[in-house]
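In the part that follows, the structures are each spelled out as C-alpha cells.
Same chain, two partners: subunit A is paired with subunit B first, then with subunit C.
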Partner chain A sequence: MEMKKLLKDSKKVATQYTTWVTFVGLLLLLSILTNGQALRWGSIRNLLIAESVRSFAALGVGMIIITKGIDLSIGYVVCLTASVAASFAQNPDYSSAVYAGQSFPLIIPIVAAVAAGGLFGLFNGYLIAYGKLPPFIATLGSMSIAKGLQLIYTKAAVVGSLNQNFKNISQGSVGPVPNLIIYVAIAAFIVWILLKHTRQGTHFYAIGGNAQAARVSGINVERDLMMVYFYAGLLYGTAGTLLASRLGLANSLTANGMELDAIAAVTVGGVSQNGGVGKVSGMMVGVFTMGLINYGMSFLGVDSYYQQLVKGFIIIIAVYFDMKKYARRA
Partner chain B sequence: MKKTVAILLVLALVCTGLFAQGGKEATDDTVKIGALIRNLNEQFVKDYADNLRKLAEENGVELNLQDAQGDVARQLDQLNTLITQGYKYFVIIPQDTSVTEQMAQQIQAVGGGAAFSNIQPSVDALKVGKDFYLASSPELVAGQYQAQIVDDYFTQYPEKAPGKVLNILYLQGQLGHPAQISREAGFIDTLESLGYTVNFVAKDTADWTPDKAQEKMDTWLAAHRGKFNLVVAQNDGMALGAVESLITNGLVDNDPSDGTILSFPVLGIDATADALNSMDQDKLYATVLQDSVGQSSTAFELAYAMATKGTAQGVTAWGIEPAKEVISEAPANDPAVISQCYLVPFKPITKENYKDLM
Partner chain C sequence: MDTTFALEMEGITKTFPGVKALDEVTLRVKPGTVHALMGENGAGKSTLMKCLFGIYQEDRGIIKLKGKEHRFKDSHDALNQGVSMIHQELSNVPERSVAENLYLGREPLNKIGLIDHKKMNDETRSLLENLEINVKPEVRIGSLSISMQQTCEIAKAVSYNASVVVMDEPTSSLTDNEVQHLFKIINRLREQNVAVIYISHKMEEIFTIADEVSVMRDGQMIGTYDVTEMTNEKLISLMVGRDATLRFPEFKSKVGEVLLKVENLSSPNPRSFQDVSFEVHRGEILGIGGLVGAQRTELMEAIFGVRAIREGKIYVDGDEILNMTPRKAIEHGIGMITEDRRGSGIFPLMDISNNTSIASLKEYLNKLHLLKHKEMKEESVRYNKALRTKTPTMETLIQNLSGGNQQKVIISRWLMTLPDVLIMDEPTRGIDVGAKYEIYQIMGQLVEQGKAIIMVSSEMPELIGMSHRVMVLCSGKCTGVLDKSECTQENIMRLATKFM
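Coming up: the complex of A and B.
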C-alpha cells in the first residue's frame, strides 16, 4: 500500500516536473559517464557562459510561444544586431572597419543593436497582430530580410578587431562570476516579473490560451501581441551585443540556427506549442538541459555528426510528450 | 511547493557529490593533444583532421578532436571544455583570425601552447607566448601560383587573350577571410607584373561552396556570355561548381588538346580528390595544392614536441624549419614572431603532375 502510494506520488512528480527530472537525470548520467570529471565548477561555469546568449533568445521566444506565436527570425536578427554592435566598436585604426577611422562611445554599439532588435520586433509584431499574417510566415520573411540587411550592411565581410572596452562587456567578470551569467540572471528576473507580476504578462497567457476569449474579456490583443514581439526583439538585440562582445567579431555565420536551439530549449523546458503555458524557470532549465546535452557530448568526444542527430531526436521527443500532455487535458 | 523544494534538495545533493568527486585527476602519462577544427564539412579540413587522427594513433597520443561546425562561439566553448579536461597543447584551425588572440590567451593561462593552421592567427596571437605557432601556407603564394599557371596557358595560346587582356569571372571565398584577401592580391599582383591587363568581368563571393558558385556562374553566363576568357575560383569546391555550370550551359568545345574540354580554362586551389578527378576528365584545368597532410603533420609535430618536451621552440617539424625572413603576409610579416612561423609550401598542380597525387 505504502509502496503503491510512493510510486504513484513519484509518477505524479515526474510528470509535473518533467523538465527538472530530465535535467537532473542528465546531470547524473553525465557524471557517471565521466566519473564526475564533467561537473566541476570550471565545467559548470563553461556551461553557463556557453548558454548565456542563447538564454536571451530563449526568454524572447518563450514569451512569444506563450502567446501561441513562433519566431523563426531569431538567428539572423541576432546576427544582424551583433554586426551592428560590432560595427560601432571596431578599433579606429583597423583599415577594413565599417566606419574606419572613427571611434564611438561604448554606449553607441549597445543602443544601436538593441534598437535594431526592437525595430525588428515591432516589424514582426505589426505584421502578426495587425496584418494578421501567421507568425510562421511573417517571421520567415523577416528572417530573410534580416539576413539580407546583414549582408548589405557588412558587405558580407567579417566585422572584427573590436576594442577591448567593448569586449570586456561579455569577457569581464565580477570576482569569480562572469558578467554574462549576471546579465542572464537580470534578464530572467525581468521577464519573470513581466510574466508573473504585470497585467500584460497575464494577458500573454490569456491570449495564448484562447485569443477569442481574451478579446471578449477586454484585452487589447493586437497591442499586447505587438508588444511581446517587441520585447523579444529587445532581448535579441541584447543577445547580439553580448555575442559580438564575447567573440570579438561578428560575421554572416554568427548565431545561425539559434532559432532552432532557442525554440527547442523552451519546448524542452515545458513551454507548450499550444500556447498559454510556460514559466521562466522552465525556459532556463530547458536552455541548460540542451546546453548540458551539447556540452556532455562535446566532453565525451561524440562525433559532431551524431550530435546533430541526438539533438534532433530530443526536440521531437520533447514536443511529442508536450502534445500528449495537453491533448489529454483538452 | 514541497516537491519543488525536495527536487532542489536532490539537485543540490547530486551537485555537491559531483563537485567533491571531481577533485580526482587522471594521473596516467599518455600524451594528450586537443584539436579544434573549424568545420568538418569542408574537404580540406576533413583531410586535415583525418591525418591528425592517423598521426595520433601512430604516436599513441590521446587526441580529442572537436568540430566547431562553422560557429565561432562553439569553438570557444569547445576550447573551454578541453581546458577543463586538462588539455594544454592544441592543434587549431581557427574559425576566424579575430578570435585567435583570445584563444591563445586562454591556453597561455594554463601554461600550454598551440599550432594554428589554414586560417592565419593574428600577430598578436603569436605574441601571447613563445609556444604559439603558425603551421600553414602563406595564401599569397597560392594566388601567385594561379597567376603563373594562367601565364603559362596564355603564353601557349596567345590568340585566346589578344593584347594580353584577361577578362575574368572570379569566385571569391568568404569576404574578409584572410585567404580570400591574400589569394586575390597575390593573383592580381603577379599577373600585372607579368604584363597582363586584369579585367574582372564579374567578381563575387560564393562562400567557398560549390552550389553557390554554380548559381553565381549560371547568372553570370546568362549576362556575360562571350565577354570573358578565364574562370578563376579561390578554392576547388567553387571551381567545380563553375565547371558544372559551364557544362550545363554548353560552354564545352570537346577539344582536350589545350588541357580542358571546356571552352575556357577553370582554375581552383586546394587539390582535393574531387578536383584531381575533374582534371583527370579534362574538365578542371589546374589547381594549387594546399597541403592538408603537410599542414596537419607540421602542426601535430609542434604540439607533440610541446606535450613531450614542454616547448617546441626552434624544432624542425615535418622537415620544415622555422622561417627566418619575413614575408609580406601576416603573421609572418612581423620579425618579432617570425621564428614561430612554419611555412608549409603550396604546389602548383597541372596536367604534368596531378597524377602524383591520385
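Coming up: the complex of A and C.
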C-alpha cells in the first residue's frame, strides 16, 4: 500500500516536473556513462558558455509562445544584430571594415544592435497585433527581410577584426564565473520579474490562455502582444551583440537555425505550444537540457549526424507529452 | 397505419458530474408523424437528442428503431442507421460549396477513388429541386444568408433518407416565409412516412405542424399528448410544472437613480441591433428577453465595448462614454459575465486565484509596480468563499471545476472589480439547479447593495422570477419593456416574436 502510494506520488511529481526530471536524469546518465568525467566544473562551464547566447533567444521566444505566438525570425535577426554590432566594433585600421578608418565608443555597437533587434520586434509585433497576421507568416516574412538586410549591410562579407574591448564583453569573467553566465542570469531574472510579478506578464499568460476572455477582462491585447515581440527583439539584439563579441566576427551564417534550437529548448522546458503555460526556470532548464544532449553525445563520441537525429526525436517527444498534458477534455 | 414505432427510447438515464440530466426518460415516436418535444431550457431535450444521435452515451436505457434495438457509438453510426439531426447552431464548412457540405464525409467517388464532383453536384441539384430550395449546388455556402444556410442543413438531414429526423429549433433564424417553406418540407417528409422530432419554443409552430407533443421537465418525461387535446396554457403549465416563484429567492432592493443609460444604439451590421434605448437603475435587475438571434448578446457586447457601434450613446452615471472598450467599461464600473463561459470567460490553464484577480490587477500593484501576490490571493479567496465556490485548493486549474463553480469564479472576478453595473449574459446556462439558486441569491444580494444588473436570459421563468423589468428584443429591435406586473410568458413571447 505504502509502496503504491509512493509510486503514485512519484509519478505525479514526474508529470508535474517533467522538465527537471529529464534534465537530472540526463545528468545522471551522462555521469554514469563517463564515470563522472563529463561533469567536471571545466566542462560544465564550457557548456554554460556555449548555451548562453541561445538562452537569450529562448527567453524571448519563450515569452512569445506563452502568448500563443511563434517567432521564426530569430536566427536571422540575431545574425543581423550581430553584424550591426560587429560593424561598429571593428579595428579602424582594418581595410575592409564597414566603417573603415572610424572607431566608435563601446556603447555604440551594443545600442545599435539592441535597437535593431527592438525595431524588428516592433515590426513583428505590429504586424501580428494590429495587422492580425498569423505569427507564423509575419515572422516568416521578417526572417527573409532580416536576412536580406544583413546581406545588403555587410555586402555578404565577413565582419571581422573586432577590437579587444568589444571582445572582452563576453570573453572576460568575474572570478571563476564567466561574464556570459552573469548576463544570462541577469536576463533570466528580468524576464522572471516581468512574467511573474508584473501586470503585463500576467496578461501574457491570459492572452495565450484565452485571448477573447483577456479582451473582455479589460486587457489591451494588441498592445501587450506588440510588446512581447518588442521585448523578445531586445533580447535577440543582446544575443547578437554577445555572439559577435564571443566569436570575434559576424557573417551571414552566424546564428543560422537558432530559432529552431530556441523553440525546441523552451518546448522541452515545458512552455506549451497551446499558449498560456511556461516558466523562466523551465525555459532555462530546457536550454541546458538541449545543450547537455549535444555536449554529452559529443563527449561520448557520437557522430554529429546522429546528434541531429536524436535532437529531432527529443523535440517531437517533448511536444507529444505537452499536447497530451494540456489536451482539452472533449 | 403501421403499428410499430419508428423510434422508441426507453428508460434513458444520463448523469453528468453532479447533475442527473435524464432520469428514466421514455419517448415513442410513430412513423409519418411530427412529434414535438417541449420543455424549458435545461429540461433535458437536447441531452436526450444527443443520446439518440450518439453524441452522448446514455448510462442506462434502450433505443429501438422500428422495433430493433440499436446502440449508436457516434453520430456517424446514427446517420447510417437512419437517424439524422439538424442542430440549432449551423455546423457547415463555410468555405466549401453547398454540394460539398451536403456530402461532407460521404463524398461520391469515381472508379479510381477520386471525388466525383459531377455526380455530387447533380445529386445535390435534384435533391434541392425536389425540396423546392432555390440554390445552386456550386455556390459557396458561406455566401448564403444564415436562413438559407439553415435550409441547406435541413436538405442535408433529409438527404440521408433517414427514418427519423430531429430538428432542434430549426426556425430560430428563419423568416416567416422560410418557416412556411420548412413546413412544406416537413409535410413532405411526413407523407414519406418519416418520423420528425421537432424541438421548438414557439407555441404557434407546435400547433400548426405537430401531431403529438411530449413534454419534459427537470430531466423527466412528463407525458405525451395529442396536439388536438392541448392548449397553450395547458402546455405551459406542463412545462413549468410548479409554482414559478418558489424557485427564486426573495430579495428586497430599493430601485434608485439611473446608473446606465443607452440611447439609440445601432450596430454597423444592419441585421444586428438597431435603435435600442433603455435605462438601468440602482438596485434593479433588468431582464433582457428574446429568442435566439434577437441580438441580445451583441447588444450587451456593444455596451461593454467588445463590439463596434454605428451610432448611439452610452451614459454611465450621467457621463457619456465615447469609444467604449472593455477597459473603459471596467474603469466606469461595468462588468460583464459573458454567455460563452468556455470561449470568453475562463482561462482554462490558470488557477482559481489568477482567474479571479485577472480583471483587477491594477488595484494590486506596489510602489515598484510589481504585483502584490499575497493580497491578490487573499481577496480572491474572500470572494470565492463568499460565493461558496467549491474547489480543492485555490491553485486548482479552473478547467477542472464544474460549470457552476467556474461560473462562481467568474462572478468573483467581476465582483472584485467592484462594479456598479453587472451585465450577466445567460448567467445560469449549463448549471445545475442547486448552483442556480445560489447564483440567484448572489444576484439578489448585489441589487440589495445598490448595484444594477442586466440579465440576458433565454429561460422564461428566470426572466420572470428575477427581473424588476424585462426588455424584449426581436430581430435586433426593442419590441417593448414589461413591468413586473405584466411579465408573463405570453407577453414576453408575443413581443419576442413580433416580427416573425
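Structure notes:
Simple rule for what comes next: the second predicted complex is superposed on the first by the 327 of 330 C-alpha atoms of A that agree within 3 Å, B and C clash if a C-alpha of one lies under 4 Å from a C-alpha of the other, contacts with A are read in each partner's own complex, and residues count from 1 in each chain.
In this text, a contact is a pair of C-beta atoms (placed from the backbone, for glycine too) under 8 Å apart; a residue touches a chain by one contact, two chains touch by 3 or more.
Here the structure is a predicted model, which is why all the values come from computation and not from measurement.
Superposition of the two structures on subunit A leaves subunit B and subunit C fitting side by side, clash-free. In the overlay built on the shared chain, the residue A:Ala156 is in contact with subunit B alone; subunit C does not reach it. Once the two complexes are laid over each other on the shared chain, residue contacts for A:Arg215 go to subunit C alone; subunit B is not touched. Taking subunit A as the reference chain, the count of touched residues is higher for B when subunit B and subunit C are set side by side. Of the two partner chains placed by superposition, only subunit C is touched by A:Arg199; subunit B is not.
Contacts of A:Val277 after superposition on the shared chain: subunit C is touched, whereas subunit B is not.
In the superposed pair of complexes, A:Trp20 makes contact with subunit B only, with no contact to subunit C.
Once the two complexes are overlaid on the shared chain, A:Lys132 sits clear of subunit B and of subunit C alike. For the pair subunit B and subunit C, the least inter-chain C-alpha distance in the overlaid model is 13 Å.
With the contact threshold set out at the top, not one residue of subunit A is in contact with subunit B in one structure and with subunit C in the other. Residues 193, 197-199, 202-203, 205-206, 209-210, 212-220, 272, 274, 276-277, 326, 328-329 of subunit A are the ones touching subunit C in the complex. Subunit A contributes residues 13, 16-17, 20-21, 23-24, 27-28, 31, 35-37, 39-43, 46, 49-50, 53, 96, 155-158, 160-162, 171, 243, 246-249, 251-256, 294-295, 298-299, 301, 303-305 to its touches with subunit B in the complex. Residues 3-4, 7, 10-11, 14-15, 18-19, 21-24, 40, 64-67, 69-73, 76-78, 80-81, 84-85, 96-99, 101-102, 174-177, 205 of subunit B are the ones that touch subunit A when the two sit in their complex. Within the complex formed with subunit A, the subunit C residues making contact are 304, 306, 325-327, 329-331, 336, 338, 343-350, 354, 358-359, 361-362, 365, 369-371, 373, 399, 413.
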